[in-house]
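You will see chain A twice below: alongside chain B first, and alongside chain C after that.
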Partner chain A sequence: MAEWKTAKPENKALGWLEERLPILSLVNNVVGPDTPTPRNLNYMWNFGSLAGLMLVVQLLSGIVLAMHYAATTDVAFDSVERIMRDVNYGWLMRYMHANGASFFFIAVYIHIFRGLYFGSYKAPREVLWMLGVVIFLLMMATAFMGYVLPWGQMSFWGATVITSLFSAIPVVGESIVQLLWGGFSVDNPTLNRFFSLHYLLPFVITGVVILHLWAKKVSDSGNPLGIEVKSSADQIPFHPFYTIKDAFGAGVFFLIFAAFIFYMPNALGHPDNYIPAEPLVTPDSIVPEWYFLPFYAILRSIDFPLGIPGVFELIDAKLLGVIAMFASILVWLALPWLDTSKVRSGNFRPVFKWFFAFLVIDMFFLTWLGGQKAEGNIPLYGKFATLYYFAYFLVILPVLSRKETPLPLPESISNPVLKPAE
Partner chain B sequence: MSTLETTNHEEDGVTRRDMIHVSAGVMAGVGAIGALWPFIDQMNPAADTLALASVEVDISQIDVGSAIVIKWRGKPVFIRHRTAAEVSEAQAVPVSDLIDQQTDEERVLAGKDEWLVVMGVCTHLGCVPLGTKSGDERGDYGGWFCPCHGSHYDTSGRIRKGPAPKNLEVPEYAFLSDTTLKIG
Partner chain C sequence: MKFVKNIAIALGLGSLAFSGAQAAGTAEHPLEIDWSFNGPLGQFDMASAQRGWQVYKQVCSSCHSLKYFRFRNLADIGYEEDMIKAFAAEYEVPGEVDDYGDPTVRAALPQDVFPSAFPNDNAARSANAGALPPDLSLMVKARHDGANYVYSLLVGYEDAPADFDLSSGMSYNPYFKGSQIAMAEPLFEGAVDYEDGTPATKEQMAKDVVQFLTYVAEPSLQKRHEMGIKVLIYLLILTIILYISMKKIWRPVKEGKNFYED
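Coming up: the complex of A and B.
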């Protein structure tokens, strides 16, 4: 574990506070001058702090939206339109929040795939990684419930489809769905509770983020070479070096974010959500927000039961689809024990590299598939893409860890002389 | 004091005090679960939601071969006036060909088999299947087609193809007269 340094502020008042609540030391030891950090972090290491910034953007814009929003089916849609047209800067707050969710997911997806490539989930960072998976699950729940709030057609039907997933559970499924709805369909009670939880969960996320950073402090940042820090020559202080680097990255990221907010605020949304919810008419096709598409594609591509169709079904098609969808994320929790290769960084794993590149392509392909209608060859492609996704985690990684010969690792971060792999 | 010593000294290491700890712990646990229940049950349908009355529908305007959709308990219900061909087609299917095995007779009221009344809720994930309005796509089996993930239902509302596991649900209903239907 990185050692803990106590801050000794010169300012008397700060010193007084510090003795009673060492909050300066806390900051100093996690992102401050006394946080020794590997000197070779590349821009892939920028996305953790970007995700944190996006959480702040969502909290701020969300809290002000909640001052004008009304969570009742009769008026929810109109209250959002009023935010757009009449509330001062309401359009800005809403576009910031709606696009902010997308950019939050962009940052987090890059952050996660950084981890997958550089082996950030390996010892001693297993808990750090697993807390990240928990944050991702909470984010998905939050964004899903947020999207229901404007009470447009996609809000309503997205909510109907996703809550109905739980009806796949044997015996108690229907009761669980009624419990979630508070009625016999998605309706006013559902909207109300989703607002309550949509307000709550981001603060739960904030709590888990703090645990995530705590675990990061204990196990230290990894680095692109994936080797241990050997001496202080391998490290530089987080502040000012990485605060500056992260700030520059944030500038670029927010420039793109602003381009969306101001020039194409609806590019990532679905036009049907500007039609008020209508329980008797399903839209032509129900498309979730883009960040859910890969998992939605996995759900849809399972249209066969486990067992012999019609003769003996251990798990019916619907339940199997739901299990596959949840499993596609939960499998990340087991990753530290599926990939047992001692070499962390993909840079030194010549075979792994290719399978990883194919996983990235597979994710983009699944995202595309999830947005298509389930017609023609789409379900078939979905099956192949789903197969590769699971094979990567459950077969390829465990086998590769045993069979692959890694490249020689460098001596240390500061000394680029290569030595043969042990 | 000798009694206390004898009770505290037991061969197998289990003392009276352990017993008290365990039973106190169990009681506290039961109490905690009991206290939790109201916090969960509040989410279930409230009394006024449950009290939603039944609806009566005038079906005299539904021509043979067409269908209407009405709203009951916040959900769509399809009422279809089937043609003789559709009825015989539904009756002719061997039950063994079906995913959710039910005869057409089990799904309509005796003597009223031209009327099919089903919930307009796809048993996959709850979309409203197409096929009620004229001009809608009705799928490969002439009944309904769910556009969400491609489930096909036949003229008896039974699932024939696609991811949905069950036939369209038949709600409780009765004919009050030849032209009025009561659902619920």
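Coming up: the complex of A and C.
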């Protein structure tokens, strides 16, 4: 367990402040010189700070956009075009924000899958992991509501499709949908509350991020070997070593981010969202943003009820689909108890490695499926991909953690000589 | 190298989603034109955009509006202020209410939006046999591969195949979804008398008007491309410096130094 070191600043004014509010110690102990960190973190460990950086980018660009945006159905689309055309550097702010959402998700997906491979969810980091899942859920809600704001065709129809999902919930479903809509269809009240919540939730995310970092401080960073820190020789101070490494990673990440902003700003968006919302015209296909596609594919794959179709349906097909979609993320919360293998890192789990690789492929496949029209073999593929997704968490991991013989673990981080398995 | 792999994964994910979104539709794939604004250093071809403005004004504007385009925007494609004033003055727009409370009209000014041919959508529909001519301000961004698509559509009119069931009043165009379109072929040889003497072939006019409409859809394109190069060069140098600093700072770690020895 990480110990807490009190900062003793040389500067008198800082010392005075530190005695009254130990904010320097806080930074110092979480990402500072007094934060002992495993010395063997690889580049996969860059994506946490990158996600944090993207949160800042989104907050700053979003606050500027909100100064010019008008959340009224009559003028929302026009106000976005005004930002693009007449507001100084408005196009830059908007393209940063729209592509920033995608890059935030890229960073977070890699961060999550790093955790899945290196067993970051295992004791003592269960709460750290679960807070991460909460952040991801909040991000999804925020991104979804943000996409509605430009009030283009995809905004309107995406909002209609996704909010309608809640109507599948028995008894209270219709009421929930009316509450989300603020009426009987997606309309001005919907846009208003989505704007309000889209502005609010990022600050909730910021709060949970602080808890996430706090939990990181208490349980320490994991590492690619997945073994405990044995002695101080295994550690190096976070600053300057990981600050400079994170800064370099951010440079590379921002190069790619900038390439999208300046040269492919609309590549990740849907052209239909440049058509103003028209409630009487349904687009050919309603496609969510790419970062929702795997979960959208899972939703669509479940087109059968629980029970005997038409005779005895315990849960109808629509509700089962919605349950599957939410369960596909909520299952992550149970992960620390589904995977009971004592070995954290996938590097030392020869069989797990293959199943994990297949999970990654499955996620890409689901992403692709989610963007296709549900015709031909697509729904069938979707069922297989969904089956594997859930099997990985609910069957493969629990069984594997009992059956698999892990490779011998190294003795320590600083002395990675393999010792025979006990 | 793992990092490179991650980036590759991230990019793959993006392009995957993109290609996924592009699926569907029964239209022919648009022709590919080598536009001047393509690529990181791409810029508008001013002469072509100016000719395109002439095509829009003389042909397209009789049905299609340009809601987000103001006369003053013409300065960006190389027109002088007095020319813009003269262009605007050719049109009338609703003015202030007069002292008796009656509506007035006045000559358009550079800050005015290009006036629509129809007062509202219903009027537009009734004049076009029920079909609504869409606003063209964002057309190039509102379709997949928009510039190529608009070009292909404009030059793609042909006689319907014998077995094709064409509804009355519709035209056959394989690039349009469903292959029949309510808009009659708009461009024909010499439809516009170009001020700069360029021969007004169908392909030339289509290219020019796409150049103009791309500008209208994305007025910041030139600025964006210019700024992008500077930002990328800056980030590249910064990243190299950060890399070198990282290697230098990390040297003692690589040499196995223990930082916590008393």
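Throughout what follows, the second predicted complex is superposed on the first by the 421 of 422 C-alpha atoms of A that agree within 3 Å, B and C clash if a C-alpha of one lies under 4 Å from a C-alpha of the other, contacts with A are read in each partner's own complex, and residues count from 1 in each chain.
Here, a residue touches a chain if its C-beta (ideal position, glycine included) is under 8 Å from a C-beta of that chain, and two chains touch if they have at least 3 such contacts.
Worth saying up front: this structure is predicted, and the values here are computed from it rather than measured.
Looking at the shared chain after the overlay, A:Lys318 reaches chain B, while chain C stays out of its contact range.
Contact with neither chain B nor chain C is seen for A:Thr340 once the two complexes are overlaid on the shared chain.
Within the superposed three-chain model, A:Lys373 lies in touch with chain B and with chain C [touch as defined at top].
When the two complexes are overlaid on their common chain A, residue A:Asn11 makes contact with neither chain B nor chain C. In the superposition on chain A, A:Asn266 contacts chain C only, with no contact to chain B. Once chain A of one complex is fitted onto chain A of the other, the partner contacts of A:Ile256 are limited to chain C, with no touch recorded for chain B. Within the superposed three-chain model, A:Ser285 lies in touch with chain B and with chain C [touch as defined at top]. Of the two partners chain B and chain C, more residues of chain A are touched by C. In the superposition on chain A, A:Thr72 contacts neither chain B nor chain C. Residue overlap on chain A between the chain B contacts of one complex and the chain C contacts of the other covers 284-285, 373. Contact residues of chain C toward chain A in the complex are 2-3, 6-7, 9-14, 16-21, 23-25, 40, 68, 73, 137-138, 141-144, 146, 177, 217, 219-220, 223-225, 227-228, 231-232, 235-236, 238-239, 242-243, 245-246, 249-250, 253, 256, 258-261. Those residues of chain A that touch chain B in the complex are listed here as 157, 160-165, 167, 178-187, 189, 193, 279-282, 284-286, 300, 303, 310, 316-318, 321, 373-375, 379.
Against chain A, the residues of chain B that register as touching in their complex are 40, 43-46, 49, 52, 69, 71, 73-76, 99, 120, 124-130, 146-150, 162-165. The part of chain A that touches chain C in the complex is made up of residues 36, 39, 42-44, 46-47, 78, 81, 84-85, 91-92, 95, 102, 106, 109-110, 232-233, 235-237, 240-241, 244-245, 247-249, 251-252, 254-256, 258-259, 261-263, 265-268, 270-272, 274-275, 284-285, 287, 289-290, 293, 364, 367-368, 370-373, 414.
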